[in-house]
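Chain lettering (A, B and C) follows the sequence in which the chains are written, and residue indices restart at 1 in each chain.
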Amino acid sequence: MYEFDWSSIPGALPFLWDGMKISLVITAQAVLVGIVWGTALAMMRLSSVKALSWFAAGYVNLFRAVPLVMVLLWFFLIVPRFVETLLDFPPGTDLRLSSAMMGFALFEAAYYSEIIRAGIQSVPKGQVAAASALGMTYAQGMRLVVLPQAFRNMVPLLLTQAIILFQDTSLVYVSALADFFGAAYKVGDRDGRLVEMLLFAGAVYFVICFSASQLVKRLQKKYHPA
Amino acid sequence: MIKIANVSKHYGDFKVLTDCTTRVSKGEVIVVCGPSGSGKSTLIKCVNGLEPFQSGEIIVDGTSVGDPKTNLSKLRARVGMVFQNFELFPHMSITENLAIAQTKVLKRGKDEAMDKGLKLLDRVGLKAHAHKFPGQLSGGQQQRVAIARALAMDPICMLFDEPTSALDPEMVNEVLDVMTELAQEGMTMMCVTHEMGFAKRVAHRVIFMDQGRIVEDDKKDVFFSNPRSERAQQFLAKILHH
Amino acid sequence: MSYQWNWGVFLQPSASGDDTYLGWMLAGFKMTIALSLTAWVLALLLGALIGVLRTVPNKALAGFATGYVELFRNVPLLVQLFIWYFVLPELLPASIGDAYKQSNPMLQQFLASMVCLALFTSARVAEQVRSGINSLPKGQKNAGLALGFTLPQTYRFVMLPMAFRLVVPPLTSEFLNIFKNSAVCSTIGLMELAAQGRQLVDYTAQPYESFIAVTLSYIAINVVVMTLMHKFERRIAVPGYIGGK
């Protein structure tokens, strides 16, 4: 029977915490970029300008059809080469990490845009008519009437997506970014305690994501009492 | 004030409005009725350009609604509209609902907009509810707020699109009372409604629509005492038996 | 740009000599399909069971199902995969664990990947099944019981047939997800599509061609699955109800 040895964890905590900080930073920036760019995409998608709506539909469908691992590999291996040759960067500039982070955010934006589009469409059409009837322009109606309601309806979904996104950050493993999971794996590999470190990492993710999702549920009950 | 001339509208092959012509003079109260699907709601939404139409012309206070050069937002700011489902903005308090278009569209100051809103809220008998949210009011109360919201823009005329048909029966009268009062003060009104009692009390003319056409356009007394078309007779027989 | 495009690279004999690079890609493609489909069948069966359990009145069963769903939903897929692949064999009784570790490494990778994807996805399927059942009008269950059905019969004849139809559209997106998620299995060395694409980059000097081919393959899978599921949805639509005409 396997004998557990958890002794390498206490000493590794500062290193793991550094990894966790990276996971959180990637999550935060992807949520931010995802919501801003996702809102823009959703509005383009719903726009009556055909070119904008096609562009947004193409973007969203492309990113949703391709695995995140593939997107990260594109942005880790291919895009930096392309950018370096294109912009003539001095050799030795390492774009790979920022590129991988960017790819992650662009990928998540496609998912956010679908949530936001559904949110905008969940606002009854009569609200748009009422805003127009009061003399508001399309932009005013969007900004003052539709988006505030849409975002309110979407908050639980946006937060749930953020939890999924936090889990997805572990996939930056393929781009050699040392996030929490990467750090745990390294420690386990170094000390020959992979079993313990993987279980520990799983437990940490579980505690964080489970508590966060319970919080979201509570929030949902508070704002949308069944 | 409102001139509707030969207006037609279709979705593909389906004709929603066919060659509708009528006019509403200043101070006049017009009731538009007809069976469901007759195009009456569509017609009234054409008046402030919420629904586009393919041919004909609608002139509101000298402005052509169908003209692509017309600034529709500007026109709509002067034409009040009340919807079947109230369409108060649920994320804003009652006072914010009353003030938002005044400040953002008419560029009135916050205090002025608030004063005006509260005055109108008082008029529809809901001053005590100023700080609530739409979801906390009954349907009848919400519709009265919606009327006050439209009035706050100092409209030159008011459009009512089935304002009482989403209401429980006991709340219909509180809304009709507000509308009656408005009519008696001389507001120009075009009302799509099935409330024939209201029509008898305050309308000057009644328009009856069927299958996208204006079938009758009569003085109120003529319409109720002896409607010309058979469809209108049937409609009245059905609706008055209730 | 000085990049030399060379789409002919796929027809060149591969580094291992016995195949072309196109052959590598096809092998990866087959692996992705085989892995995703087997995992999907398991996920559907398990997910339907767990989803039903979440709605039954028995507290212990419902609690177990809830715990199952929360566990698999709140740990990242990659971590789950590593636990199945690296941790589980260590925790098995020595005799079984050792036999397993001495088996074909490809088989180990495939089994770990399949179990991991199946259980991960089953938790999501369960959630859809549960919400499908819960979205049925309450009267349906009472009507079934009033007709003298037992609770299992009510599920079997009244609730599940309708819930199943409600659940097909959201399940389509889970079905698509399982193909995408299978790319994660490249991290334990399973030679599926993404892994083959990456290997091609190492062996040839044609990263663009390789990545474009892999990306297009995933898009093709996506399109095919969506078309099939759409046809399926129309076949099972109930007249007068959502999706029906």
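Note that in this section a contact is a pair of C-beta atoms (placed from the backbone, for glycine too) under 8 Å apart; a residue touches a chain by one contact, two chains touch by 3 or more.
On a predicted model such as this, the values are computed, not experimentally measured, just so you know.
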Shared touching partners of chain A and chain B are none
Per-chain C-alpha centres versus the global one: which chain is nearest?
A
For this structure, I'd like the pair of chains sharing the most C-beta contacts.
A-C
Could you tell me the distance, in whole angstrom, between the mean C-alpha positions of chain A and chain B?
46
Using CA atom averages as chain centres, what separation in Å is found between chain A and chain C?
21
Roughly how far is chain B from chain C, going centre to centre by Cα mean, in whole Å?
54
Residue numbers of chain A (touch at least two other chains)
none
Residues of chain B that touch chain A when the two form their complex
45, 48, 50, 72-81, 83-85, 87-91, 100-101, 104-106, 149-150, 153, 159
Hey, which residues of chain A end up touching chain C in the complex?
1-2, 62, 64-70, 73-74, 77-78, 81, 85-86, 163, 167-168, 170-171, 173-174, 181, 185, 194-195, 198-199, 201-202, 205-206, 209-210, 213
Any idea which chain C residues touch chain A in the complex?
1-3, 70-71, 73-80, 82-83, 86-87, 90-91, 93-94, 176, 179-184, 186-187, 194, 197-198, 201, 207-208, 211, 214-215, 218-219, 222-223
What residues on chain A touch chain B, complex-wise?
124, 126-127, 129-137, 140, 144-145, 148-149, 152
